[in-house]
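Consider the two complexes below, in which chain A is the common component and chain B and chain C are the respective partners.
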Partner chain A sequence: MHAPLPTTDAKITAHEFCLFFGKIQALRNITLDVRRNSILGIIGPSGSGKTSFLRAINRLNDLHPACHTEGLLQLDQTDIYHPQCDPVALRKRIGMVFALPIPLPLNIYENVVYGPRLGHHCPPRAELDMLVERSLRAAFLWDEVKDRLHTSGLRLSGGQQQRLCLARVLAMQAEVILLDEPCSGLDPISTAKIEEALTTLKAQHTIVLVTNNTKQAARVADETAFFLMGELVEHGPTQKLFTVPDDPRTNDYVTGRFG
Partner chain B sequence: MRVPPKYTQMAAITLLGGATLLTLAVLVFIIAFVLEKGLPGVTWTFLSAEPQDMGRAGGIFPIIVGTLLLPLLALVIALPLGVGSAVYLCEYTRETRLTRVIRFGTDCLAGIPSIIFGLFGLVFFVGILHLGWSLLSGGLTLAIMILPTIIRTSEEALRAVPYAYREVSCSMGATRWETVRRVVLPNALPGIVTGVMLGLGRCISETAAVIFTAGTVAAMPTSAFDSVRTMAVHFYLLAREGISNEKAYGTAAVLILAVLLVNLAAYWMMHAFIRRRAR
Partner chain C sequence: MERHFDEQLADLTNYLIKMSARAELMISDALRILVNRDRALAEAVNRNEQQVNSMQIELDELCLRLIATHQPVAGDLRFLLGSVKTNNELERLADLAVNISQKACDLLHYPPVKPFVIIPEMATIATGMVKDSLHAYVNRDTTLARHVLARDDALDQRKSRVTHELAEHIRHFPETTIAALDLIRVAHDLERIGDHATNIAENTIFVVQGKDIRHNIETRH
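Moving on to the complex of A and B:
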């Protein structure tokens, strides 16, 4: 279906990956690579397994009591679901922005340093201050909040909250950033700011972006994958997927004929 | 025929407002009644002197001390145990038949009359453990008595913290404990404080279980093995034995003011904490 990518270039590799919640199978034999320093857009109708796949990468599905997996899912050629893989250490390398902006009920500063402060090693104050400024700048939020870093994150507007969530992930200095429909509740201007941030961020990060907005995938993703009912229908360069898709179902979806 | 919404709305406001007003009136009446009868007897001497002649004369100083120490001891024992159990049940276990049985059990325990706990304390702490009628026996008994309340209210408070916060914290590489300590517990604090205040109130107002386990000695305790008398017990004995109505009401007035003060202090502390966290 798509040209095989050289393995060394792959940050995340899924091979025949299946995910189950109890008896329900959420993902079926997903095989795909996410290239280092690229943005992979995942599109598909609700219930197609986009979010489940995203949450499989940082093992957040583990919170579900009856979740289990089959097949292989790798980060840097290391099996994420290997019994010796520590999910807590794994999640420190993978940041996630959720569909709804969920600032922790702390002030803006504390929200951003939440990640860096976890674990044994807590960076000194000066380093944290720098990290806060750098992360908020990268999320295009610094100018709006620099004078009120110690007000609650919950006081910000929806769009600002979502950029705070992005800044919080950037401060973790994670290698991979997962975004689960990050703009679903945002106005076009906030959306544009987040998209602008993403295109800059791929220089340092590998980004997986789940979106219900096919146009968004077309705008920012280098490659796009189309999920349908737990299966990967098609995966390829964004341009190709949106103009000359191999699969008729993909064609129907991107042209808005169903979904 | 349908009554127009304008009138049903008026009726609702009248009924609901009336219910609130009635509740408040009863409360104010009781407090005013006790304070009116008791306050004239509350003098500096009454607060600072030892009781004399079984409480007919003198003051209630050792009894105030007993009223402070006994619930405090109960709280020191019950708070870490109760909040700890609640955190374990809520954050570290999955909902299974066992946790449902435990929850049902604590609910039942919370509804057991205090005198049963008193009887247990009398047999177990006073008798079998040979702690005698003492501050320690009383404190342990009251701690057991308020544990179910603290566990259940804390658990409800923990459950009320949005699940999304836990998910976010977890997704950033926090361990379960880091999530509990940094996000869940601080947000559940107001609810936990409410539960603790309920427990504290029960301890302060308790008579039966206290008489059974801490005794009724109205003297200054010098160790945890000394018997103490609380204001509620003092009031009960003075009124029940017909020793002195005046002193009984005086004690009641001090008790009401003390409970009010404790509540005010707790809420002030809690709000100060919340303000400091999220401005």
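Moving on to the complex of A and C:
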């Protein structure tokens, strides 16, 4: 019914993808590719469907009892919603960082290794040590916490907690990182550190960033998608969307005329 | 949704209109000195040039402030960049008006070289292009902008004719060389005025459509 798109560079492919919560249609015929090793920024006003789309990518919407989908959503040309697709296995490949940082009530070290320890084969201690350092460095947090890895993650600042959550995703060696408003409560310095981390991380990961801060999408995203009332209005190179958007509604949104 | 920023952009537009009106007045005064052989307006031209120079700096500061504080994107960003460039074009127009005024005053030291025909035609075309280009810019009228672009060739052709005719004149009446060369420079300045109007028209198309049509990269007409 829905043939996979003949794209080779796409890590994630949506084709005529629709999402429903009962009778309410949250997403309408979304068709877009997320290029491998790139950052896709998703912008749009409240209720536009950007978070629903993000949560559809790792099937978090499944937790809603009346949720169902139509069309196609693929990871590496494999249908995410195929009955044989295991959502738990999928979520190991697709990590997520939420708007509010939620560290586990454990120390910093244990926060990072919590996921890997849940696996079938818990790595030896030396390997875990390396994993912690590598993940915290990649999240731009190592230098700030390397001397207090055994203090509680809850004692970190908001910006540090958010980077700890990012490090937790990285420790799982997720291929895709989904971020839902990751800097909404952060100061400009913490925001800049997260953005620096994302820009570096795209070499190893594919990143989808939902943000209400259009300037953030302009700064870090390679491509940007503008959602409005469950529809994808425009998707293209970030530079184009913020200089010469094709659709007047995109122009109006990015220039702050509505939203 | 109405934005406070829109009011500031409207202020910027009004400023451009005032600056353009002053530059246009300078050009018409300079041409009157030339045609009527009356230096009375030369002082007004110089006075207005100082005003235009001050306005150029103020307008640049306004654009810089709006870019820094609002971090505009898309249509707003194109309008601000276009306005910075249009501001420069208007200042150059004022400079050219001063050039014409100075040459017109110099020419008063010599008897008229020959009756003017083509230079007044050039003046009409050039001042019309300036007026229309600014009108197109502030009203975001790309049709009018393209009409401005289309008139540039007529100006270039007339400048070539004037140059050719005056060169011939110099050959037959060498005693008129200095005055004839001044007139050739006036024709050159009028042609340059058309070029600046053309640049403003190109800015208009960039602001409205996001297309950069300079240097014939895209079709101009």
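Criterion: the second predicted complex is superposed on the first by the 253 of 259 C-alpha atoms of A that agree within 3 Å, B and C clash if a C-alpha of one lies under 4 Å from a C-alpha of the other, contacts with A are read in each partner's own complex, and residues count from 1 in each chain.
Criterion: a residue touches a chain if its C-beta (ideal position, glycine included) is under 8 Å from a C-beta of that chain, and two chains touch if they have at least 3 such contacts.
Bear in mind that the values here come from a model prediction, so they are computed numbers and not experimental data.
In the superposition on chain A, contact is made by A:256 with chain C only, not with chain B. With both structures placed on the common chain, the touch criterion links A:41 to neither chain B nor chain C. When the shared chain is aligned, chain B comes close enough to touch A:104, but chain C does not. Residue contacts after overlaying the shared chain place A:182 against neither chain B nor chain C.
Of the two partner chains placed around the shared chain by superposition, chain C is the only one that A:218 touches, whereas chain B remains out of contact. In the superposition on chain A, A:60 contacts chain B only, with no contact to chain C.
Once the two complexes are laid over each other on the shared chain, residue contacts for A:230 go to neither chain B nor chain C.
In the superposed pair of complexes, A:245 makes contact with chain C only, with no contact to chain B.
Those residues of chain B lying in contact with chain A across their complex are 94, 162, 164-175, 178, 182-183, 186-187, 277-279. Residues 214-215, 218, 241-245, 250-251, 254-258 of chain A are the ones that touch chain C when the two sit in their complex.
Interface residues of chain A, counted against chain B in their complex, comprise 58, 60, 63, 65, 88-93, 95-96, 98, 100, 102, 104-107, 114-115, 118-119, 150-152, 154, 168-169, 172. Taken together, the chain C residues at the contact with chain A in this complex read 1, 3, 5, 71-78, 210.
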